[in-house]
Amino acid sequence: MNISSDPWIWISALLSLAIFSFLYRDNPFYKFAEHIFVGVANGWAVTFYWHNILVPSLFDPLFRQGQILYIIPFIIGMLYLTRFIPRVSWLVRIPIGIYMGYYVGVSIPATIQALIIKQAQGTILTPENFQTWHAGNMGIVWSVILFIGVLCTLSYFYFSKEHRGILGTASRIGIIFVMIGFGAAFGYTVMARISLLIGRLQFLLGPWLGIIQ
Amino acid sequence: MKIIEILTKIDRRIIYLILLIAVIVPLLFPSPEKVRVMPPVEKFYYAIDKIPEEKALIVDFDYAPQTAPELDPMGFAILRHAFKKRIKVLVLSLYVQPLGLARNALTQVVAEFNSAAQTNADSIIYGRDYVFLGWQVGPILAMLSMGESITNFYKVDYYGNKTDTLPLMKQIKNYNNVGLLASLSGSDIPKYWVMYAQNRFGLKVGAGVTAVSASEFYPYLQTGQFSGLMIGMRGAAEYEEMIEKNLNIKSRKKASESLPALTYAHLVMIIFIVIGNIGYFIKRRKK
Amino acid sequence: MKRTIPLFLVFIFGIMGIIPFIIPNPIVQGTDEFVRNNLLKILAAFALILGLGSLLKVHMDKIRRRRQNWGYSWVLIISFIITSIIGLFGGVAGTGILPTTIGSFSFDVWTIYFNVEVPLGSTMFALLAFFMASAAYRAFRARSTEATLLLASAFIVMLGVLPLGERISPHLPSFAQWIMEVPNVAGQRGILLGVALGALATALKIILGIERSWLGGGGE
Amino acid sequence: MTLFFLIGIFALAPPTAVRAYDTPDDGGGAVTIEWQLSPDDAQLDKYEIYRSEDGVDYEKVGFIGAGRSRYEDETEDGKNYFYKIVALMNTMRIFSQPSQPVMSSAQWINRKKLNIFVALFIFGTFILYFTYYARRGKEFFIRKIAGLQAIDDAVGRATEMGKPILYCPGIGYIEEIATIASLNILGEVAKKCAQYDTKLINPHLDPIVFTVAREIVKESYTKVGRPDAFDPESVYYITDLQFAYAAAVDGIMVRERPATNFLIGWFRAESLILAETGASTGAVQIAGTDQVSQLPFFVTACDYTLIGEELYAASAYISKEPLLLGAIKGEDWGKLIIGVVLIAASLIGLLTKFPVLNLFR
């Protein structure tokens, strides 16, 4: 045992324990720690927005180098502040409109290609796709299962008809695929959460208490 | 019947305690475990390994402290791999919270290599072998702009140097000079790299993700949109295994050390699910 | 006007986002890059005002009206102000006008990040491991065919990802891998295609001004 | 042996068939050079690319590893260039024959991306067509959705037991489709509560969602003729912190013991905490989200779960909002088209030699 003498390590350890205390029940220590978390996270963000973005990309060119055109993005950006001034609060829609318009615009072709066309390409039954599994002759079987699975899952999310007859059967098969997928996600999530706990305990047992390396 | 009665009414504090013990005890006696390397990680490894010498690797650190224990080992392993193979590296974060973790991983791995280096050629030198682009606002803007010109979007690097004065950035102008982008993220960022950088500019993308989103990302691996996929602590352990076996990198294997604890904790989970269900079925039969 | 101008901007910038995908000509690409690097990037930075502004407003309100637990709002605001002052005036490299060390004790923005932010953030999610354990015992029941299937596939994957699975049977990890690659991909892809269509519909409606909920309140 | 080896070196063969052409589908400023690998490729260190503007003086512009036969060079548009490829081994350099002159230029259309715009046109037309008709008052059929049918029973059960109903809209902002869908369903649940005179509890994380929700609930009470029964305290704001919110909702579940918990909206990691606590109190739970990673917890711990798009469809179904109904209908046609295209493309891929996958790049 070699308990740390660094005050910062003690601060981190005590804050960690304050969060863990939530397991017993919600309590003042936990509330205190959670509010600090949000405060510090935002302070950190402000720091880097200022030093990394606003100063080099806007204030330096505008005020030091006299590139007067930068006044335009500056003014549009400042309109975000109108959100908190009720009488002119509609002006906030201008920067939001510009940014959201562009963001939504670029997402349209990107969504079609990456999430629809490419996904369809991987599903189509062709000799090339059978090879992608590196499973020899079984590749054909896997491709067929995948193909049927995708069609059936799609039919589960088809809302324009009652699920009877063929559509009913297909959607019942579809939900089986969905549930197997959720099961896999569930199993992996167990691993994810435990990994995070391990990471935290490694810190508490290591740098703080000095029990492990 | 008494036992069943007890088993169906375990207090949750007892459950917490059992889980805690199952994790702590294996941590007290650390022994890194070996894992079999599965195809998704193997693909990832070779995608980095085969980056031609005129191209660079971009490592995108995009996980917040919340998911760092899963993703940190991946970042370390990839950086070790790249520096050992003398692949040029650019490091960046698209969000501001992960920036600290990116800097931490980079400085640690560089120090590791430079403390063992004998000559200037052996060392990992800033501006020649790697550049820390840091963080600029607007994730999707960055993904799109770097396709035209990296230095126009990242005008200054993390340390405030003008990027167009760095020797490495004279060779690496845009995605045409990038062999692979490794995106380590606790959320959907790897998907956005595919949507924006890959579709428009043909960038190859490898993804390191938390185990929570594993099943969501597999469809992109099958279509080849991801050149590799590394999932959670197990994926990181596989990568550690790969670099040790192939490149003889002997360093701390954080993920592999955690595997025994992971195993016992999983067993605890499985046992609790089984007990819970046994109780449920007995109760239902009684009714 | 309060609606027309924003809707017009959404439309124009939406089209500007789509066009460069198909027209590689340097005039188009150059304009696109210019707008991104000089206007949109700065707007993205200013957007922090929105988030930060509402956060502070909510907590000031809480303090003013003495709502339940209003004292903690002070904790949030004070920790925000302290971190900001240290960050803004101490600088990110510790070279600002504000000294960030007293003797051997340093309190620059990095130290705060690694010793406050990182432990708090990672512990918060580590809690979930415990909730997962109690949920495993109390809630995860094979109460329907669907839930049974889900649990079965979860069991195989949970064992398959561990080195232990390898010892039980070398086929177990391969089987888990197969589940991820074949049935899981089929189910996920079916969901994904539907979600992509939904996103596409919403995006089109926003650009064309049919979907206007983003305008929020604030008058006609 | 040595002699043989030397002959091997001296006979180092150059790359052949050097072909340079303007890189297609780009914005100009690039030329692609392709060549046949040298027969001695296996022994080479790399290839170097030499360029000339007059066909006489060549300068090195780049290099590429052995085994590769394609290089893209940066050029100035409108200028003629000649290329030679050099096979390099140690210090030996063997030059190929020069390429034909080539000039780069910018294109106006990227033909590789045309498929995206065809798809955009098809999907866009369907979505906009149905949205348009829905706004003009045409009604569309949407199938019944299991979770929704349970709402009636759930409210009835709560009334019989004299217990409240908890409606948790998740932690999303107002922009999320899931949050909007959840508010639509909330409106309907509130109507039922007003009719049966059941207490509704509706806690919030986001101040804006909270404001909107209060209006919606109030309106629902008015619509069924019970404006007096609306309790403004039933819709309230708790906090904007994720886990603090989860803790508070957990507290409500344990103290008030609602007969039914609705967990519908945009959820992250707190989904597990809420669903588990709810299940342990014995409440009937109806959940729904489009966050795929949270769905497994809802499916195992809740009685009914609206999965992904089902949530959107449910909100369209229950609210009868034409914009939502039109979109769902358009998306259904989109799915139908995807299904048909998948089948047709597979038939072409299996029965003919047509490279059908190339259409889906």
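Chains here go by letter, A, B, C and D, matching the order in which they are written, and residues are numbered from 1 within each.
As a convention for this text, a residue touches a chain if its C-beta (ideal position, glycine included) is under 8 Å from a C-beta of that chain, and two chains touch if they have at least 3 such contacts.
If you're wondering where the values come from, they're calculated on a predicted model, not measured in any experiment.
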{"item": "Neighbouring chains shared between chain B and chain C, ordered by label", "value": "A, D"}
{"item": "Chain at maximum distance from chain D, centres defined as averaged CA atoms", "value": "B"}
{"item": "Central subunit by CA centre of mass proxy", "value": "A"}
{"item": "Maximum inter-chain contact count - chain pair", "value": "A-C"}
{"item": "Centre-to-centre distance between chain D and chain A (centres being mean Cα positions), rounded to whole Å", "value": "12"}
{"item": "Approximate Å spacing (C-alpha centroids) for the pair chain A, chain C", "value": "4"}
{"item": "Centre-of-Cα separation between chain D and chain C, whole angstrom", "value": "15"}
{"item": "Rounded Å distance between chain B and chain D, as computed from the means of their C-alpha atoms", "value": "22"}
{"item": "For chain C, residues that touch 2 or more chains besides their own", "value": "21-22, 29, 36, 40-41, 44-45, 55, 69, 113-114, 117-122, 124-125, 127-130, 132, 134, 136, 138-141, 146, 150-151, 154-155, 158, 161, 180-181, 184-185, 188-189, 191-195, 197, 200, 204, 214, 216"}
{"item": "Numbers and ranges of chain D residues touching at least 2 other chains", "value": "113, 116-117, 123, 243, 292-293, 296-297, 299-300, 307-309, 335, 338"}
{"item": "Per-residue overlap in chain B, given as positions that touch at least 2 other chains", "value": "16, 19, 23, 39, 66-69, 97, 100, 136-137, 144, 199-200, 211-212, 214-216, 219, 222, 232, 234, 262, 265-266, 269"}
{"item": "Chain contact topology (line, ring, star, complete or other)", "value": "complete"}
{"item": "Chain A residues within the chain C interface of the complex", "value": "7-9, 11-13, 15-16, 19-20, 22-23, 31-54, 57-58, 70, 72-74, 76-78, 80-81, 83-84, 89-90, 92-112, 115-116, 119-120, 122-123, 133, 142, 145-146, 148-154, 156-157, 174-191, 193-194, 196-197, 199-201, 203"}
{"item": "In the complex with chain B, residue positions of chain A that touch it", "value": "23-24, 41, 44-45, 48-49, 52-53, 56-57, 103, 106-107, 109-111, 113-115, 118-119, 121-122, 132, 134, 146, 181-182, 184-185, 188-202, 205, 211-213"}
{"item": "Touching residues (chain side chain D, partner chain C) in the complex", "value": "25-29, 106-110, 113-114, 116-117, 123-124, 127-128, 131, 174-175, 177, 180, 207-208, 239-240, 243, 269, 272-273, 275-276, 279-280, 290, 292, 296-297, 299-301, 307-309, 312, 323, 327, 330-331, 334-335, 338"}
{"item": "Chain D to chain B touching residues, read off their complex", "value": "62-65, 68, 72, 292-293"}
{"item": "List of chain B residues in touch with chain A within their complex", "value": "13, 16, 19, 23-24, 27-28, 30, 39, 66-70, 72, 96-97, 99-100, 134-137, 140, 144, 155-156, 160, 191, 194-196, 198-200, 210-212, 214-216, 219, 222-225, 231-234, 258, 261-262, 265-266, 269"}
